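Which chain is which? They are A, B, C and D, in the order written, and residues in each are numbered from 1.
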Amino acid sequence: MSRLEHCIAEPVVHREHFRDVDDDRPRLECGVCGVWGAEPDAGSAIVALGLHALQHRGQEACGIASVHEARFYTERHMGLVGEAFGGADLPRRMPGSAAVGHTRYSTAGGSFLRNIQPMFADLDQGGIAIAHNGNLTNFKYLHSQLVSEGAIFQSTSDSEVILHLIARSRKAKIVDRFIDAIGRIEGGYALVCQTRSKMIGARDPLGIRPLVLGRLGDAWVLASETCALDTIGAEFVRDVENGEVVVIDHDGLRSEKPFPQKAARPCLFEYVYFSRPDSILDGKSVYEVRKRMGRQLAREHAVEADVVVPVPDSGVPAALGYAQESGIPYEMGIIRSHYLGRTFIQPSQGARQKGVRMKHSPNKAVLAGKRVVLIDDSIVRGTTSVKLVRAVRAAGAAEVHLRSASPPILYPDFYGIDMPERDQLIAANQSLEEMRAYLEVDSLGFLSVDGLYGALEAGPRDPDNPQYTDHYFTGEYPTRLLDREIEEGGRQEANRQLSLLVSA
Amino acid sequence: MSRLEHCIAEPVVHREHFRDVDDDRPRLECGVCGVWGAEPDAGSAIVALGLHALQHRGQEACGIASVHEARFYTERHMGLVGEAFGGADLPRRMPGSAAVGHTRYSTAGGSFLRNIQPMFADLDQGGIAIAHNGNLTNFKYLHSQLVSEGAIFQSTSDSEVILHLIARSRKAKIVDRFIDAIGRIEGGYALVCQTRSKMIGARDPLGIRPLVLGRLGDAWVLASETCALDTIGAEFVRDVENGEVVVIDHDGLRSEKPFPQKAARPCLFEYVYFSRPDSILDGKSVYEVRKRMGRQLAREHAVEADVVVPVPDSGVPAALGYAQESGIPYEMGIIRSHYLGRTFIQPSQGARQKGVRMKHSPNKAVLAGKRVVLIDDSIVRGTTSVKLVRAVRAAGAAEVHLRSASPPILYPDFYGIDMPERDQLIAANQSLEEMRAYLEVDSLGFLSVDGLYGALEAGPRDPDNPQYTDHYFTGEYPTRLLDREIEEGGRQEANRQLSLLVSA
Amino acid sequence: MSRLEHCIAEPVVHREHFRDVDDDRPRLECGVCGVWGAEPDAGSAIVALGLHALQHRGQEACGIASVHEARFYTERHMGLVGEAFGGADLPRRMPGSAAVGHTRYSTAGGSFLRNIQPMFADLDQGGIAIAHNGNLTNFKYLHSQLVSEGAIFQSTSDSEVILHLIARSRKAKIVDRFIDAIGRIEGGYALVCQTRSKMIGARDPLGIRPLVLGRLGDAWVLASETCALDTIGAEFVRDVENGEVVVIDHDGLRSEKPFPQKAARPCLFEYVYFSRPDSILDGKSVYEVRKRMGRQLAREHAVEADVVVPVPDSGVPAALGYAQESGIPYEMGIIRSHYLGRTFIQPSQGARQKGVRMKHSPNKAVLAGKRVVLIDDSIVRGTTSVKLVRAVRAAGAAEVHLRSASPPILYPDFYGIDMPERDQLIAANQSLEEMRAYLEVDSLGFLSVDGLYGALEAGPRDPDNPQYTDHYFTGEYPTRLLDREIEEGGRQEANRQLSLLVSA
Amino acid sequence: MSRLEHCIAEPVVHREHFRDVDDDRPRLECGVCGVWGAEPDAGSAIVALGLHALQHRGQEACGIASVHEARFYTERHMGLVGEAFGGADLPRRMPGSAAVGHTRYSTAGGSFLRNIQPMFADLDQGGIAIAHNGNLTNFKYLHSQLVSEGAIFQSTSDSEVILHLIARSRKAKIVDRFIDAIGRIEGGYALVCQTRSKMIGARDPLGIRPLVLGRLGDAWVLASETCALDTIGAEFVRDVENGEVVVIDHDGLRSEKPFPQKAARPCLFEYVYFSRPDSILDGKSVYEVRKRMGRQLAREHAVEADVVVPVPDSGVPAALGYAQESGIPYEMGIIRSHYLGRTFIQPSQGARQKGVRMKHSPNKAVLAGKRVVLIDDSIVRGTTSVKLVRAVRAAGAAEVHLRSASPPILYPDFYGIDMPERDQLIAANQSLEEMRAYLEVDSLGFLSVDGLYGALEAGPRDPDNPQYTDHYFTGEYPTRLLDREIEEGGRQEANRQLSLLVSA
């Protein structure tokens, strides 16, 4: 009950890792990792390693909460995991054999420290720290309800809603309170929590967001992807299942499925772009899936050409697949800089017209005079692609044939992917020929939805019960979108009243 | 004469970019870039872009000096170019249409701010700022002489020796003083200087270090590599020649060759490792040279295998060449993390034994059960290689055949490459079979020196007048090593006296 | 309802103002200041000035919340007001014509950012920011009750309890919720709150902590002391009365006394030490009261001596009074350094024995050979006094007669004064003669309690209804001490059960 | 000869201590302190204590150089001594039993790190660190000569000139080089140097700047004032004499007077304002001198009044003297804030007209209705005084009689005092009556020059050989002003040529 249970030391490091503004790829908000039962005081360092391996899922901020003798130690930083948690003093700063961590990319402008996870609350039953990857589709609804009941929020993050639901549950035991809380939330989520004595993991009813279970000696590990297990040195045990809650404590691991079971429907974008190529997701190698996407793309959109060139790094596996299937040589026609920072100012008009190439540099020796097949993982706004295409042409390419290893992106996401609104999605607003002209390419091709399902070896898409979450391609959202309905309801109601007013 | 000629504003940013301690690749100390005659106040931003493109040549620190109306503006920072000089306020902070910049990796422990370049001096003739890539082989000799004449050094950098030689020259004009000064230094160097009204570039008599000339509209650009010209948007004009001094001012460009001409002898390691693959060095595409090195390696050291896997990123072109020549499929069997920071502490003994894989992650889906040809650009100490090999085996590889795209490294460098002492160079201390056993591989092969010359399309090595600087492979240093001779002379003299003493 | 109502920008400045460890004076936790109705965007800068004038009430941290068009702007910093809020960009950073601020010294180790005030909550009725000087005597009781009801605390500060009580009140209007909340708290407090449209001020039922009301043109100002009004340039209107709630909005000022009225009983220590000498407290000049304390002290404890020397700066007015009454010359025998920082390490044993005098330096020219009357405002632990006495003797004083301008401190405080526990209060543990010997003085005298009441021109102390809060001298606490009773009850209960166990 | 002799670690702390812009008091540039022969590794901490005691002589920046086994450790910081050198790790960071330090206030905009002292040079004879209080009157002349000989300056500080002169001396021994160097400089200076094995102190030929010698056990201490000795715990030995060089090493202390002896002529402003009141300067207590100045002021400028009020803190001793001589009671009518920071912005026009009182707050209870004698140490521009007078009147004073404890300041200084140009000195541009009217006082009086000499018990001023440096009052500069002559010569020459041109 003591107020000393929670030791916060947040040497707020404002060292931001800047996003390249030219980069319009979709972004995921988070990676999560937890460990329970590690060697004494090794918890935070293991989680730090895991978060480092998940850094591709979010580079803006990171945090860890460790538990030692029922006391919690929290640190949340702006910037990269290695800078925040790489120090040798970590076990002293954050003792304990259990810890949970989070790395995030923030969508809504609010990149303030208090939005960084893990979030912590000091309940009657003791402290709880929670790390959350995903997005709730009824966040605003729940938030407004909680505030009207007197809850005071310290962040604008949807994860805090879960904490308040736990704090206000009438159940006596912490696990029951947790289940009570997730029974009220909707959306896609992978959660890892630490209480004084337990680690709890949970995946949303459709398994939209991934979560895997591993063992490191006697310890248990939860992480967003298997690459974190590999980096930690843990053995992969299994994926946490959709709708499953796992509770780990001194009695071992216990699995609960408290809600009616549904068929799994994981997010396709994890395969297309988010997950690291060396991860194994729900039993499938991301690298091999991407190579098969490239092979299928070659079959769907063949072209006479001299070289296959990936947009590095995410386009590399599909380009290898395309090259192997087509027999056209694979070459590194675009070099990616490893030293990205904030966008540089452009020194003069002259330079701007020639294009300032910061992240990707065309390799003239490969491109000059060649017919180039350019392979990208996806095309969102098209703004990055057109710059790349121009750079490839400026380096002397005779022809440029652009191929997208994913189907056209037509609809926004509400499950944790930072994607632009519909009116900014190029494929939602232009015909194929319009896009080809806009992108200034000789030909343009997208992988088909069924081709993508094929690359996943999932058979063709089942229109009644799609095997994957694929709304960005199809418009079929896997869950209700309560916040959106309310918002649109409000807008419709306003419109209705306005028309009454006008007609009056 | 006014002391206000030089405005220094050094908001010392101690944001270090940490080196991966597991990484034992050789490192170059510097990249240099200068511009003269740009649009008003665009000088510093152009140089910042150029330095960003040269960031691979040094990530520890960077600096820029701009000149505006005969006044100099200097900033020197720890950390990356983008963080230090990416801001939109740069033209205001550092005005002028001329600027010179430097990015460095520091060898000798001294990574203090005062060793960061450009170095500046306020001469009778006005200020001069100097950026230097390379290393002087008579630095200690000159330094000691200058101190005995009353010179006060503000750094421990060999570049400051050049400044003092210029300051003390009896010549009246600044260009004559500069030539006077470089007439006394020995070693490998590429220099870019700014005076109140001129930009001066110089390359050492053998052209060991590279330097290229470009134009951006009416402005002139000097840079270590052509990739900087590409990023800036400048046209490549030509390489500065060995032993050439170029002077740029309102009368245009003037070339001088003040010393007896020698045959050029550029450093091979620029092709093997340092230069960016999209650079064109003395007329040769680095990427194509590396691919030919890989092809030749395949011819010299063929093996039955299932996949060719590069050590990313520097091993990629050679691996592509090897794969194309051998017909064995090229695969991304090792994933490189883009989020490197300081080395993480290792959380527990258990984890350590499994190996903490931070920079390179094996891709199980590619490696499991396969006979792997692993292509690296070079092998220095061998410590990194053995860890990689173990990781590849742990991921299930059936066989590992390691191939080095450069010949065995046998001798240290004194021209600006940060390489370990001879007793730490694995190839200088072990036989091929010993190395193979140490590296735990099934077979091991190095490219031959003549193979390397062949990849450069330079014909076989001419033993009397080698076409390239190649002492790390051959022991044949291209210049006198005065400091070393004095040091060894001192040691021998000490030994001689000691032996007299003992025998007495 | 929008979550964008609150803009937090906390560029966490960890620039601590270190406390002199040798200094054992009591400390107050806070100063508060608010303004409503100022010129556009002038609110934050006015409050900054006011907090600067109240800096003596707390130097560890400070914060301001301004309100502009129903949106709140909060900044909380470690360090001094001038460093945090002195910048010319403040009106831009924190716009609005209303603001509230707080400066604090933290008692409990927890000097974390999240304990800095003003505290903010986003209620159904809009945001509310609260600044609180004082201490609740039923904090732990309320905190524990709120947590059991599901409240999540973001700080360990008692001020947050008030926020939660407001948030959970069933009343509809914000002022009613506020009154509801303060009806449940006990202790000493001065509160200043800003809502979207109102400023609310409140003083505890006994007026233990001070709060004054002023006008600056058309604007209203609330502040802990009149010196803040003077610095701002505001006119003093009146003291807020004990038990009074003032509500200021577009309809002007409204006063409420929602609870049964009691006689006022302000804290004596405000006169003895806390308030600035130029403040007028409940109608009395602090400077004049202190001078009368010195005069009375001269009457109660006269002595033959050559000089009267104050312990600067707090002892100066009493020393002047003592000198004027006794006719002994007043001299600056001790010089106070204005440049205090963290305690310096003591370079050697030799230096330590001679005493490291950092804050107070004896002035030999005044002290040598003299009989010195040394006047301090109070004596708490005695540890500082003994060092000063030794320094005065080392400077050559023939005799040292120590006089305390306050009565002996015998009991701890629970209303916001940071004072040591009873076992560390010298007067609570030693006789007068023991103290005299411990303090190494020739004579020692304390002002009497009735002498102190006399200096306040309040007549003699009324033992039935004391006119002032004076428990530190008398042990008579003005309110119930619920937390303490529970704590002691728990201890007694534990002892009772233990004795049962033992007797069993 | 090794380059490792000098270990610089400058964790550049940009924590500036801001000057109150309203404060127009003159400022001294520096305080110096050195110790030799202290306990192992205690040198830097002793010097830190000494610098802390000298903090009133300069608050902008500070630096220490310690010597340990012929190696130098230098740190230079922006900000206060306590913040920079208060840490317990100082002996580890800066080992050695000898050290020298410096605290500075910078006049010329250039407050850059490289101007902070001690300055260091690595000579043939080993390192030398130098701390300098004062100003050279032939700095520009020497600087220009040295640059033309090839010297490269790293700062714009005149102290570096001395280093270059030492480095270029043809003498063999370091002490002879030092004497060689100071033989060429002119002006006012107190110097403390550390070499590998010696500490050297020197005071200019007239003893304009002070320097005292003390002992701390077996160690020797040099410092600007005795208050530093007191704080360190060292015994005062004697003042270093004008024109004296003291050399301290393992053979003890040796005194040299290498140049023709002149009569001493210390700076009067040390007594008027700079030195701390508890310092003993050339045998005279600064506090007692100031009190006598106040007494004499009362005799020279008596007035009927109710209270004597000092402008704290520097006016306090003179006000006490005035009060004792006149019999008018001394009262703290102005309260000085201890929490100064950068000047606050003024929130509104209304507030500005009322005057924003940040540093000095009038104490209404003392001033209302009273005839006030206001005592200040000196009047420079008069801008501060007029604000204070208005504040005192606003607090209700019936009459204000301003008294300056120094004579009118008529001429600028060139020996290290930061004073405005002549055209900004109020007394140089207005008659007494004009000043009285400008300052809005009822009467105004300045101490006479002879009265000041009297307070120093030096007899009347000897017009042929003034006993003190007093040019700010008299215009009689004690040394040649070479830089000024050259500058004016240049201006005259330009004017002459211009008139020729015009007349042609």
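Here is the rule we use: contacts are C-beta pairs under 8 Å (C-beta built on N, C-alpha and C of every residue); 3 or more make two chains touch, one makes a residue touch a chain.
These numbers were taken from a predicted model, which means no experiment stands behind them.
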Given chain A and chain C, the chains that contact each of them: none
Centroid comparison with chain A (C-alpha atoms), farthest chain: D
Cα-centroid distance, chain C relative to chain D, in whole angstrom: 37
Centre distance in Å when chain A and chain D are each reduced to the mean of their C-alpha atoms: 62
Interchain centroid distance [CA atoms averaged], chain B/chain D, Å: 50
Two or more partner chains touched - positions in chain B: none
Graph class of chain-chain contacts, one of line, ring, star, complete, other: ring
Every chain pair meeting the contact rule: A-B, A-C, B-D, C-D
Touching residues (chain side chain A, partner chain C) in the complex: 1, 3, 8-12, 14, 112-114, 121-124, 143-144, 147-148, 150-154, 156, 163-164, 167-169
Chain A residues within the chain B interface of the complex: 15, 18, 38-39, 42, 45-46, 48-49, 52-53, 55-56, 59, 80-83, 85-88, 90-91, 216-217, 227, 230-233, 276-278, 280, 285, 287-288, 313, 316-317, 320, 324, 329-332, 335, 337-351, 354-358, 361-366
